[in-house]
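Common to both upcoming complexes is chain A, partnered first by chain B, then by chain C.
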Partner chain A sequence: MDIILITTAVITVIGIVVGAGLVFTGKKFYVKVDEREAAVRECLPGNNCGACGFAGCDAAAAAIVAGDAPVNVCPVGGSAVAQRIGGIMGENAEAVERKVAFVRCKGTCEVTKNQGEYIGIRDCRTAVLSGMNLTDCDYGCIGLGSCVEACPQNAISVVDGVAVVNEKRCVGCGLCAKACPKNLIELVPESKQIRVQCSNKDKGPQVKKVCQAGCIGCSLCVRQCESGAITVNTNLAHINYEACTQCGKCAEKCPAKVICVPAPEEPVSENVPA
Partner chain B sequence: MKDTFRGGVHPRGHKELSREMPLRAYEATGEMVFPLAQHIGKPAKAIVKKGDPVVAGQCIAEADGFVSANIICSCSGKVKAVEKRRTISGAMQECIVVENDGQYTQKDPYTEKEDIEKLSNDEIIARVKDAGIIGLGGAGFPTHVKLMPKKPLGIKYLIANGAECEPYITCNDQLMRSSADEIIEGMEIVLRLFPNADGIVAIETNKPEAIASMQAAAVGHERIHVVALRTKYPQGGERSLIKSIAGIDYPITKLPADVGCIVDNVGTLYAIGRAVLYREPLFRHVLTVTGEALVRPCNFIVRDGTSFAELIEAAGDVREGKEAVKVISGGPMMGIAVSSTEVPITKTTNAITVLPEDAVEKADSYMTACLHCGRCTTVCPSGLMPQMMADAIIAGDYERYENKLYGLDCVACGSCTYICPAKRPLTQAFKKTKAEIMARKRAAAAGGNK
Partner chain C sequence: MKNLILIILGGALINNVVLNQFLGICSFLGVSKQMKASASLGGAVIFVMTIASAVASLLYDYVLKPLGIDFMKTIVFILVIAALVQIVEMFLKKTSPAVYKSLGIYLPLITTNCAVLGVALTNVQNEYNFIESVLAGFGTAIGFTLAIILLASIRSRIREEDLPAPLRGAPIVLISAALMSIAFMGFSGLAF
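Up next, the complex of A and B:
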């Protein structure tokens, strides 16, 4: 009987001492957790794409709470997410427009010829390294689909030798832009449908030689534009999306039809594009 | 001294197509195109402009910086343009285009031999530099840089690379047969710069005539020996040669000079001899035009800037009933396929191989998953494990590729791809990954400087 009492007493004393120790260390080494961080993390989309420049959504949430990043840092979430995060942080989120990826090339197999046939690893970067000029145009889309591989949303497909973005699926993370060895893909505001679909910086006659759909740098669009949104430098038209009023006069006059409203999107199918 | 290195493969040589064809000079007729970037390092700077008259042997672009090389005009005529033209690499590069008048007026006759004893070491190197000599084995490293190592007294071996292990190519074989004395002269000049070095002419055993010819020429030259090496690809690779001759392995971060070796192609040594003794700059070199698709495969002495199309025509054009499916600048193992024959040859182009069928295309259709047979590991001359490297690439684990598997030590010889029974494009993947890792490092370094 004694043994049981002694054991109980010893265990009780150890329990009290360890418990006191735990309480003490718990107070002493307390890490202050900002509840806002968890709340902000909750608002973020959570696909860890890295488009914000941070290592995933957790890191982005931490940066927002620490004040290292604006509340609208997430390009995928757009203004809805930014406003919710703004609510948590007590800041007013500036409205950010949703951005979508846009491939600045329309050199399909019909309008530009290929000199050689590329055989090997089906990857744009590898193909560029092999030195093969897969299309006559040095600036154009190769069509081997590195961007298709990079896209986490299955939003890109290669149609007729040129990558095409499905804007409904695109979340604007920009991973495709990083994957493209020709730097053809840029993120543009979704509402601005008047875009220059060419990246060729050569002079007009040279462009005509390699592609019938290329920008020849004729500057007709510059003269058409009433808001002064278009400039031509390095033989290529550039549109300032902030100034553009979407009047479409430039697209009408463009002799190469390279300034264009992209064709209406096909309805989003749930099937994964091939 | 062992006569070989670890690993390697035995591809069929196909050298019988052109090996007995003596070298003959081919004088181009069309316009000549000189890319400004023919060497490793900074592209040269053009010093002529449109309309300028030029003669053969005239320097038309100057070395821009230490690791760079002069570019010498190979014909006489008028500069037509300095513009972007398509080159072997497939890209548009800045080139000097010269309208060839067909006269080949030369700046100097290059016949008067000078006494080498009067020249100081600096003068020798200056002449090599002025002559625009770069490594003619393929990499195109400026030779004057190679001749100025940090410790000239530490150089133990000067290796004249006449291995010519690449299938199909025979021009150096012919050069060693016909111009052995000039190659030895070139070696003697380089040996003057390195008093502690032995000159070794390394030739594969499949070229007995070249070995005999070089041995005969080396008689009376105490410091020069001719060594027959086992016929095995890539015996002519710089690292394989050093392993075979000096028995030294060294990491990719070091240069041959750091381990006491200077390796020069026999063609480069020939050019050094001509440049120093006769003041003849480098504007023509040997080249093999070969392949089963051609009527008369030949060995030529060609002028830089000649177009591929012209040389293929000079080799009798494509046989009737055959089709030139693939045109390669260089040989099939390390050469690069060109997408157009309207590109100029450069100093480093040592062969044009015209094949009637595309082995890569065939292999592509047979490609399967890796069998883990390990043959790529047995043949890798750098002692790497290609199958593991390929796995790391597929997993996107570049860190492992670089630091655990030493993937940057890959010399891109193509042995693993050649031996792979699953027909996997290993070398291509390694080349791409190496380039990406280097690009990331450059980007990181540039970011750090800011």
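Up next, the complex of A and C:
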């Protein structure tokens, strides 16, 4: 019986001493944490993708509170998150348009040919290092899916030899753009559906030889555009998304149909604020 | 003196805590993805294990043993080690934020690492005195750090390889760890 009492007493005493020690140290070495930091962290999406350039959502929250980062630093959360953080920080958030990844290539198996069959590691970067041109077009999508591997949201799939982004799933983190050895993927504003779906910088005849859906740099779109949003340099059309009014006239005239048109079931409103 | 060197060497290589005694496997496999993280964890383990061994040894020699309740050592050690790490964490957060930042999340994480408790219990079992216990804890932690940094560097190489699909991820890590364990068995021939 004694041994049980002694044991209980000793454990209790140790427990009390340790507890008191913890309380004492907690009080003595209390470090004040900015409560705004916790509140900001709550607003952030929390998938720690690193698209903001910080080492995760915790680091981003600390940077926002410290004033080292703007309230709209999170590209994934977009304007909704920026406004909530702005409310905490007492600032007005500039509206941030949600960005999505876009693959600038239309070279499906139908319109362009492969030079040969690639047998090796199924990875675009490795394939490029092998020095073999997998597609006739030097600029086009190889379709081995490095971007698919890189995407944390499963938003990319390779359809008919070309990577396609599911814009509903895309969070705009830009990891796919980093993974693509051909630099085909760029982040574009979600509302701007008129985009040039080609990256070939060769002259027209050469483009026509390798792909039926390539931009030949004919400048027809430039003449169509009323807002002067399109320019052609290095034989490739570029759209300035801030000036584009989404009228779609360029897409109608494009002989190679390389400028995408909005999907018919999702009509884009005519006056989208820039 | 020779005895003390032997204790450190034995803890680090011959009776390596991970590869020979199979303690602390979860953090060994979990945190060895990146070299930097494993080095931080190793640092935190060295820190905690040395302090925990010292405190556990004192507690056992001067409280538990005289009162004849040394059978309670496991529970008492768990309690004291967990509290100790918490206190050390708070202390570091206030006094040296740089150290706190470099150890980061790993300091509270290893509170529940079985290797830390394992060392405290092994020390008692081997009837080490205070100095021997501290050195054994330090040596064991060095062994843990060595093992986890080795595995992290192996994994960083494996990542670049074209592995057969069924081996990717956890399987190849376990195979690598097993081969390391076999390699470390070679140290058991070390005798003085």
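In this text, the second predicted complex is superposed on the first by the 231 of 274 C-alpha atoms of A that agree within 3 Å, B and C clash if a C-alpha of one lies under 4 Å from a C-alpha of the other, contacts with A are read in each partner's own complex, and residues count from 1 in each chain.
Definition applied: a contact is a pair of C-beta atoms (placed from the backbone, for glycine too) under 8 Å apart; a residue touches a chain by one contact, two chains touch by 3 or more.
Everything quoted here is computed from the prediction, not taken from an experiment.
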Partner chain(s) touched by A:G26 [first = chain B, second = chain C, both, neither]: second
Chain B versus chain C as contact partner of A:R169, first or second or both or neither: neither
Which of chain B and chain C A:I121 touches, first, second, both or neither: both
Partner chain(s) touched by A:I6 [first = chain B, second = chain C, both, neither]: second
Most chain A residues touched (candidates chain B, chain C): C
Touching partner for A:K178 - first (chain B), second (chain C), both, neither: neither
Footprint overlap on chain A, where chain B in one structure and chain C in the other make contact: 121
List of chain B residues in touch with chain A within their complex: 86, 88-92, 336-340, 358, 360-361, 364, 425, 428-429, 431-432, 435-436
List of chain A residues in touch with chain C within their complex: 3, 6-7, 10-11, 14-15, 18-19, 21-22, 25-26, 28-31, 121
Parts of chain A lying in touch with chain B, wherever the complex brings them together: 115-116, 119-121, 123, 125-126, 129-133, 138
Complex interface listing, chain C residues touching chain A: 63-64, 67-69, 72, 75-76, 79-80, 83, 86-87, 90-91, 93-95, 162
